[in-house]
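Here chain A shows up in two complexes: once beside chain B, once beside chain C.
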Partner chain A sequence: MLKITNLKAKVNGKEILKGINLEIDKGLYFLMGPNGAGKSTLARALSGDPSLEVNGEITLDNKKISELGPEDRFKLGLFMGYQIPPEIKGVKARTLLEKALEKHGKRVDLDELAKMVGLSPGILERDVNVGFSGGERKKLELLQLLAFKPRYAILDEPDSGVDMDTLRKLGGVLNSCKDACGILVITHTGNLLKFTEPKKVFILANGRIVSEGGPELVSDIEERGYSMVIE
Partner chain B sequence: MVTKDEILEKLKTLTDPEIGVDVVNLGLIYEVDVDDSGNVRIKMTLTTIGCPYAYWLVGKVKEAVENIPGVKDVDIYLTFNPPWSPDMMSEEAKKKLGYSGQNAENNEPKSEG
Partner chain C sequence: MNWWDEVREKAKDWRNLPMPEPKLDLENMKIASKEDIETARKSAEEILERLGIGDEEKDMLLGRTVQENNQIVYKAMREGLEKQGVIIEEMNLAVKRFPWLKDYFFKMLPVNENALTAYHTKYWDNGVFVHVKNNVKSKSAIHAYFLLNESSFAQTPHSIIIAEENSEIHLVEGCSAPSIVENALHVGGTEIYVGKNSKVFLTKMQNWPEYVHTRPLTYARVEKGGELHLVNIVLGGGRTTVEHPRIDIVGENAKVVVREVVLSQKNAIVDLGTYIHHNAENTSSQIISKTVATDESRVITRGVIYGHKRNTKGYFSCDGMILGDKAKAETYPGLAADLSDLQLNHEASFGKVAEKEVTYLRTRGFTEEEAVEMILKGFVSPALVDVPLEFRVEVEKIIELAAKGF
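Presenting the complex of A and B:
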């Protein structure tokens, strides 16, 4: 279980997260909320970003990770997906992946995984994300998710600005991973519901979890907006 | 006009979460070039190879530099040649970590077995 207890976080002295309590086990979870609610701050706090002032506790399978940096959290099985994965020139995608896999003692067929996520052959020979479309960058993230098979994954808006094909692939990957992995997807829309179903939806507003529910909560929000759950 | 020094000063506020020292004093920033239009090119390395750490740190470096007024485009080049070694740290960083320059892993627990 990935357990977040009374998590508070300040960014530049301003309190953004005001006491988050959240638990995820194996399965797919959505985190939604209005802009400025603190969704990205929560993702940063979970990644171990040292520029945040964080209080409260985060445990991964009963192990406290609040003091650990991103690499140590990754070793313990926490994968972070980025909203806009950056371009890294000078290193081929294949090289970066192979070195990371080697370091973590894993061996996978990268070309097979590339095919599964819908990346064209040869893309792995290019510098990481350089000239990749938004969809291709997201697919490379999905490839990493499949390659590293983490215990938990936090995906920050993996469905933002992607075409239907990428959305379908994303849904497929989430479906194939969710039995063995606890995945928290930060999302703005219900588009993913066409291809997959979360077991629980959390609504974050003003730095707090204000609502929890099943997938039907997404359509409620789509129809009536966030005001129905926020005081 | 943005200067190389301004960029380095900004990067000194970026702490490497694995080691607790900023990326400049750690010796990760190999080259910084900025042209008259404010386009920046940075060549850097990592203490450890591989994602997700690569994404994370490169993303942070890019973000930090992009936020400097006057900066236009930021290009980050990653290289492992030469590979980073603790000797590349500044004297300040070495002192802070108690690094004696003998390739000792000072962050490891001292007990054996």
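Presenting the complex of A and C:
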């Protein structure tokens, strides 16, 4: 279980997360909330981003990870797929992935995975995210979910700005992973519901989890917006 | 007096000429003796040891291959090259062997421009002479310095490269053997003549210990349809390194590509910049400069692409990364146009290693050190395409050291 207890986070001195409590088991979970609510900040706090000032406890299968650096959290099986992953000039995507996999003691066929997420094979020969389209960046993050096979994953808007075919593929990937992995998908829409179903949906607003429920919560919000859960 | 000694006379008043910054007290610079060289070689060996450089490369970088039995091999190699039409000769001998060299000798280097150019002219000693004959194309990299006996020890070497019409040569200059003593000075001069439709590739790596002041004086002339590819890698930066090559493009359709990599360390001061003059139509040039400043070093990268003629295409990119709080780096990429019918562009970016990128890599399991290393290697890589493997290895070792101190 990935357990978050009273997690607070400040960015540049401003408190963004004001005490988050959340538990995730194996399976698929959604995290929704208005723009600027703090969803990405929560993802970064979980991943161990050192630019945030974080308080509170995070445990991964009963092991406390809140004091660990990002690389150690990753080693213990936590993966974060970025909403907007950075460009790294001069570093080929393939080189990055191969090195990371080697360190991680895993071997996979990257070309096979590229095909699975709908990336053209040549793209791995390009610098990481440099000149990638929005959708291509999302796919490279998704490819890494498949490559690293984490125990828990936070995927920050993997469905934003991707085409219909990719959305379908994403649904398929989530379905194939969710038995072995606890996945928290940050999303703004119910588009994925056509292909997969979350166990639970959390709503984050103003730095707190203000509501949680089943998949029906997604359609409620799609219909009526966040006013129904935020007073 | 021989014509090559007469040249020295022109520079006899070197003491009265202005000394460019950072100033050097030339009178009190030491010139190394053979014993000094041995001592320095040992300390350089220690440096290379610390860097974890392999034995074979170490030998090469220390100029140790220049030993009795190798001399025979190298002599045979030089004879082989000479049969093909590539002459490689020590300058002290070349001036005697080729009287016509007079027309090229100190013809580009402006003898009395300043105290350094004049000092070099007055005291030039050995260097490498490379002559590629008409239509001769030599495509494999030649370590010219190591094919010669004495020139790697000289501290004021004067080198001349002449590529005749329609020829091609690839030269590699390792970090001239560290034949250097405390407070030592190295003022080498290089004159490069790129003939019609010929191609010259010169890759140079300098890795001086932290007590060396070096002032390479580099000049080149590129004729119609010619190409000059210069790669200059400065590792460490010695105590001070100042190099401002001047390249004149004099014929149409000629092309110049310059790539510079600076990885400065300790308290080095490095001032590097190429000045390219487009004196003919339809010519192009490109300067790509990558700086990584570490420790307390200070780096200035500069240079100007001058468009004097129609249809000049010039591109100047200058990027720098600064590690830690004590290093400093500045850049002044310059473009100057005498007319409007041309195209000159530049880009520059200087800053710290992006924290976002480091964090991203850490979330993929890399330590901070590994992340910085990967980012820095990626950063310099565009300037290292086609650079010989042994140089690349050394660049990477220095980056690994830099990342450790991050």
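The working rule: the second predicted complex is superposed on the first by the 231 of 231 C-alpha atoms of A that agree within 3 Å, B and C clash if a C-alpha of one lies under 4 Å from a C-alpha of the other, contacts with A are read in each partner's own complex, and residues count from 1 in each chain.
In the analysis below, contacts are C-beta pairs under 8 Å (C-beta built on N, C-alpha and C of every residue); 3 or more make two chains touch, one makes a residue touch a chain.
Please read these numbers as outputs of a predicted model, since none were measured by experiment.
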Next on the checklist: Both complexes share chain A, so when I overlay them there, do chain B and chain C fit or clash?
Outcome noted: clash
Checklist entry - Which of the two partners, first being chain B and second being chain C, lies in contact with A:Lys75: first, second, both, or neither? => result second
Next on the checklist: Taking the superposition on A as described, I'd like to know which of chain B and chain C A:Val201 touches: first, second, both or neither.
Outcome noted: neither
Checklist entry - Which of the two partners, first being chain B and second being chain C, lies in contact with A:Ser47: first, second, both, or neither? => result both
Next on the checklist: Quick one: is A:Leu96 in contact with chain B, with chain C, with both, or with neither? Answer first, second, both or neither.
Outcome noted: both
Next on the checklist: Going by the contact rule set out at the top, does A:Leu167 touch chain B (first), chain C (second), both, or neither?
Outcome noted: neither
Checklist entry - A:Leu184 contacts which: chain B (first), chain C (second), both, neither? => result neither
Checklist entry - After lining up the shared chain so the two structures overlap, which partner does A:Ile88 touch, if you call chain B first and chain C second: first, second, both or neither? => result both
Next on the checklist: Give me the intersection of chain A's contacts with chain B and its contacts with chain C, in residue numbers.
Outcome noted: 47-51, 69-71, 74, 79-80, 82, 85-91, 96, 99-100, 103-104, 144
Checklist entry - What residues on chain A touch chain B, complex-wise? => result 47-51, 69-72, 74, 79-80, 82, 85-91, 96-97, 99-104, 128, 144
Next on the checklist: Give the list of chain B residues in touch with chain A in this complex.
Outcome noted: 14-18, 20, 43, 48-56, 58-60, 62, 75-80
Checklist entry - If you look only at chain C, which of its residues touch chain A in the complex? => result 354-357, 359-368, 374-375, 377-382
Next on the checklist: Using the touch definition from the top, list the residues of chain A that touch chain C in their complex.
Outcome noted: 47-51, 69-71, 73-75, 79-80, 82, 85-91, 96, 99-100, 103-104, 127, 144, 148
